[in-house]
Amino acid sequence: MKKQDLMTLLGVVAGIILLLWGMSLGGSKLKIFYDFPSIIITGFGSFCSLLINYPFREVSKLGSIIIESFKELKSSKIDMIERFSSLSKKARREGLLSLEDEVSNIEDDYLKKGLQMVIDGIEPETIREIMELEIGEMEKRHKIGIDMLKSWAAYAPAFGMIGTLIGLIQMLDGLDDSSKIASGMAVALITTFYGAVMANLIFTPMAAKLALRSEKESGLNEMLLEGILAIQSGVNPRIVEEKLICYLSPEERKKYGEVTKLQEGVA
Amino acid sequence: MKKQDLMTLLGVVAGIILLLWGMSLGGSKLKIFYDFPSIIITGFGSFCSLLINYPFREVSKLGSIIIESFKELKSSKIDMIERFSSLSKKARREGLLSLEDEVSNIEDDYLKKGLQMVIDGIEPETIREIMELEIGEMEKRHKIGIDMLKSWAAYAPAFGMIGTLIGLIQMLDGLDDSSKIASGMAVALITTFYGAVMANLIFTPMAAKLALRSEKESGLNEMLLEGILAIQSGVNPRIVEEKLICYLSPEERKKYGEVTKLQEGVA
Amino acid sequence: MKKQDLMTLLGVVAGIILLLWGMSLGGSKLKIFYDFPSIIITGFGSFCSLLINYPFREVSKLGSIIIESFKELKSSKIDMIERFSSLSKKARREGLLSLEDEVSNIEDDYLKKGLQMVIDGIEPETIREIMELEIGEMEKRHKIGIDMLKSWAAYAPAFGMIGTLIGLIQMLDGLDDSSKIASGMAVALITTFYGAVMANLIFTPMAAKLALRSEKESGLNEMLLEGILAIQSGVNPRIVEEKLICYLSPEERKKYGEVTKLQEGVA
Amino acid sequence: MKKQDLMTLLGVVAGIILLLWGMSLGGSKLKIFYDFPSIIITGFGSFCSLLINYPFREVSKLGSIIIESFKELKSSKIDMIERFSSLSKKARREGLLSLEDEVSNIEDDYLKKGLQMVIDGIEPETIREIMELEIGEMEKRHKIGIDMLKSWAAYAPAFGMIGTLIGLIQMLDGLDDSSKIASGMAVALITTFYGAVMANLIFTPMAAKLALRSEKESGLNEMLLEGILAIQSGVNPRIVEEKLICYLSPEERKKYGEVTKLQEGVA
Amino acid sequence: MKKQDLMTLLGVVAGIILLLWGMSLGGSKLKIFYDFPSIIITGFGSFCSLLINYPFREVSKLGSIIIESFKELKSSKIDMIERFSSLSKKARREGLLSLEDEVSNIEDDYLKKGLQMVIDGIEPETIREIMELEIGEMEKRHKIGIDMLKSWAAYAPAFGMIGTLIGLIQMLDGLDDSSKIASGMAVALITTFYGAVMANLIFTPMAAKLALRSEKESGLNEMLLEGILAIQSGVNPRIVEEKLICYLSPEERKKYGEVTKLQEGVA
């Protein structure tokens, strides 16, 4: 587990503690915020809409998608550039077939597949076409998961409002003594509260984080594709590096500069 | 009928049961949530806006569109890749004309039309142009149905609010004794409640599901088109397969791998 | 006048009757929903914003745009394909110049202009460029009308809310006896009610219908352009037909199939 | 000053009179709608957000942008086509250099620059590139002005709501006798009222009008660019005219037809 | 520090003073607007959502991003055009290698990298590809910062509403004497107030300003790229200048005209 994951978890935990603290202020008891039927209507009602909205196959992945949002991409752009730098030099020196040994050590499926195609002598246009298709299809698959969380973030407050309307209608209709209005109103508002918290503390930020991750992964894979094609074309390793460095942020470039210097010092 | 369909139906049924349960809580009777004029104003009023919004020809298809959202696409990408694998081998061995016999067994209209054009010797650019036009026009037709449900999902809460305004104005104006305010208010809120349920439990998720389905069908047809053109161009069956596999999700690939291995074992 | 037009009219009339019925329920009189100043503030106030928003030349067309939304396109895709089929055969048999006689019988301005250019021997790229420019400019002109209705649909509820705020401020300020609050509140809400009805029953659906119509007309003209260029290029009439059939929906194809069969039977 | 300008002004004036009339109804005095601090909070508060949002250089142009929205484009497409028709004939007869005299009479900077480049013998691709860059940069500059008004239209109601919240909190907190609630509430609502009027009667329609104007100007310049390039290429003046006529609306075409006929009659 | 920065700061300060003034009106004390738990719930609660939404690496840059929004771009387009004018003349006279000396004096990293590549004799397509990649990646990096502020601007009012709901539920539930409703309501509304101010006076305008800045920087870099490529291609310096002038606004052109005239006078 990495530092970033802890931060996501921290965000969820801190947000919940914060709300619990806010709820316990002013002398009222926390349990007035707990209402089982309200949880069911807001949480499960919006889940029913999700069931209609998405094929079951996708809905059943929701759990792993949520867990996914607590993780961070392992691949580092800097490592990748270094790897390409060495691959590119090796390919120039010993030919493309010499990459065969390296491929077996590579964990990243995308890079592996691309290099294998280079070794197999497939034409660059075909490689680009297939690898871009891979990126596009991966983005589509990610998008469904992200959209599911976004949909839930939209349905939750809607069902919160539906629950509040149910509560209000019951309260207003069954009303005899006006002294109970206030407490009935409080119960009615609880579903709106649940819906707002679910949407704003859980589903929306998680969906956004996964969207960022997906974008980053696509960006990384585009970088890998450029690198793979550059190796195949036999371009000067310096230009390969120059091009890949564009994908780095200024901080990463600085860090990359240090790493490279260090290595050169060692070498 | 398939599992996924049951899930859609389950979503609708579970959502309605859930709401009925919520409505029956707190000692109030369910019938306070039933108000015939409110149903008419919310449901039929928003339908009147639909009648203005869309040509009658489209509105008359609404029933079948809603039924459609309870079904699932039959075609499986895995089956298609296998079929292409065998078609591609046959075409290489026995020539494109040998596909004539296969075409008659194909159920999918899109694939059938495409292969027939290959057999008829029509040029690849023309085939691509015509087949992409087919996809585009199909998407446009689907979009109208989806947009109709989305429009209904927008009009229903609007008419819910209009109904509530009517109720409020009547209540506030005709008011003599303030004891009736609460119950009049309850009736007024019922149209808002109906509108919110119609939009969030029925129309929005159905529209979204149909949109996903349409996207999936387009994706499948794009895959078929790539396959058809690959067969025509006489590319190596391995590359055809490699390309089509990109359209599979990681799980599907795994499954496809197993299926293929099994067959090879059998062969 | 056609069936579809009646449906649009029916939508408006049925929606209004429905609302009148809803308003007359509960023993209150319809006249409590009539308030002349409220009509002026909501309807004319939002019209003032339109006057600022659009040049007067466009605003003055609003009447004819609204009338337009009660009509339906006359051109039928099926008729067009048949016409192209026969034009294409004639052009192949007797040469492009033989189309001169046919052109004078054509009502559709777009088709006429296109065929005339073919007869005049203008190059295909120039024809495509000019005819696509025509479609683009027509879409732009339609869009302004549609946007005007959409803007009105946005301004009307805004002025409804402004009217309600005026009413509320007057009521709250001038208030002596609290017994008048309710009735003052009712009057204040009437502008919101008017704004919601104008937007949701009239302007939004009309704008959407005109947008659909404009899209359909563009689609038809794109089909005509493909047909015109196919005739000029002297392509096989079967392929012209095949291509144009892509623009038909499955039902239209079925119908077209029947029509063609019938004719062949006759022939 | 032209007719259209008067209409814009009329829209603003009529809208304000309308609101004043509405405010004076029901026996209340107009001055209850005047509250100096509310004006400051809504108007100047939203202006502070604008100051943060945009560089001062842009904000300082706001005055001239607002004045701009009361004006109308002078250039007429019909005049331009006639001018091109005559320029095109002259260029064909006497060569491109003969246009030198004409250029000095042209007021429109865009047209002038384009023709000058033609006379200077610059290549068509370079001219297209530079002139399209001009259009793009002009659109970007216009867009900032339009966006500023749109931002103001968004900030004004937000600060209206902030003002209302301030008023409500003051009223609810300082409350001793409930008789003052109503009048305090009225004052609190005034900022919301101001914000809604500013957004819906002033800023939103003005921004939309300027957007339309900018689009029209781009369209005119695209037409000029086509005309300039057509003259340079030495295309037949009839085709130049035919192409430029596509940019006219049906009414303008009719009018253009009459003008041309008249001239031919004179000639 | 420049004039524009002061304006941004002025906007924030003036907005806050304005609100403080508004809050102190009507005889109420400012301290009723201060509620520590409300600040925590609105400010820190929305920050928790940010922590979930973005990787920690990005969130930790928030401080410097906010500071960034108080600054202004230093590079001036006019200076750049003059520099290109002189570089272009030098390159024509003394060859591309003569630019080597100039490069070391250039502060702008983008321009420096581009010119260095020209001197290194890298092909124009490669330079364009790499330099456009640089712009694209810079835009992506900026976009994350801008999106973070936008997300905060969305979460802040949401947590304001959540805080208000907590307050309302506590107030309605714990209620014995109705005299405390008003003051409890005031406290409940304070979080909504905080959320609205944070979103509309701070985060939204800052995000918008940074977006404008990023756009401007991209525009400047696109201009630099055009200039770099023009120098490499050895185009006539007059045309280089003509093209770059398109990127100037009318005022800048006027100013540039004066500057140039002045220099020519001096020369």
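In order of appearance the chains are A, B, C, D and E, and numbering begins at 1 in each one.
Note that a residue touches a chain if its C-beta (ideal position, glycine included) is under 8 Å from a C-beta of that chain, and two chains touch if they have at least 3 such contacts.
Note that the structure is predicted; figures quoted are calculated from it, not measured.
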Enter the minimum step count from chain C to chain D; a value of 1 means the two chains touch.
1
In whole angstrom, what separates the CA-based centres of chain C and chain E?
42
Averaging C-alpha coordinates per chain, one finds the centres of chain B and chain C separated by a number of Å equal to 26
What are the residue numbers in chain D that touch two or more other chains?
none
Ring walk, chain D to chain E and onward:
D, E, A, B, C
Chain A partner, complex, touching residues on chain B are 3-4, 7-8, 10-12, 14-15, 18-19, 21-23, 25-28, 32-33, 69, 72, 182-183, 185-186, 189-190, 192-193, 196-197, 199-202, 204-206, 208-209, 212, 219, 239, 242-243, 246-249
Contacts from chain C onto chain D in the complex sit at residues 37, 40-41, 44-45, 48-57, 59, 122, 126, 129-130, 133-134, 137, 140-141, 144, 151, 155, 158-159, 161-163, 165-170, 172-175, 181
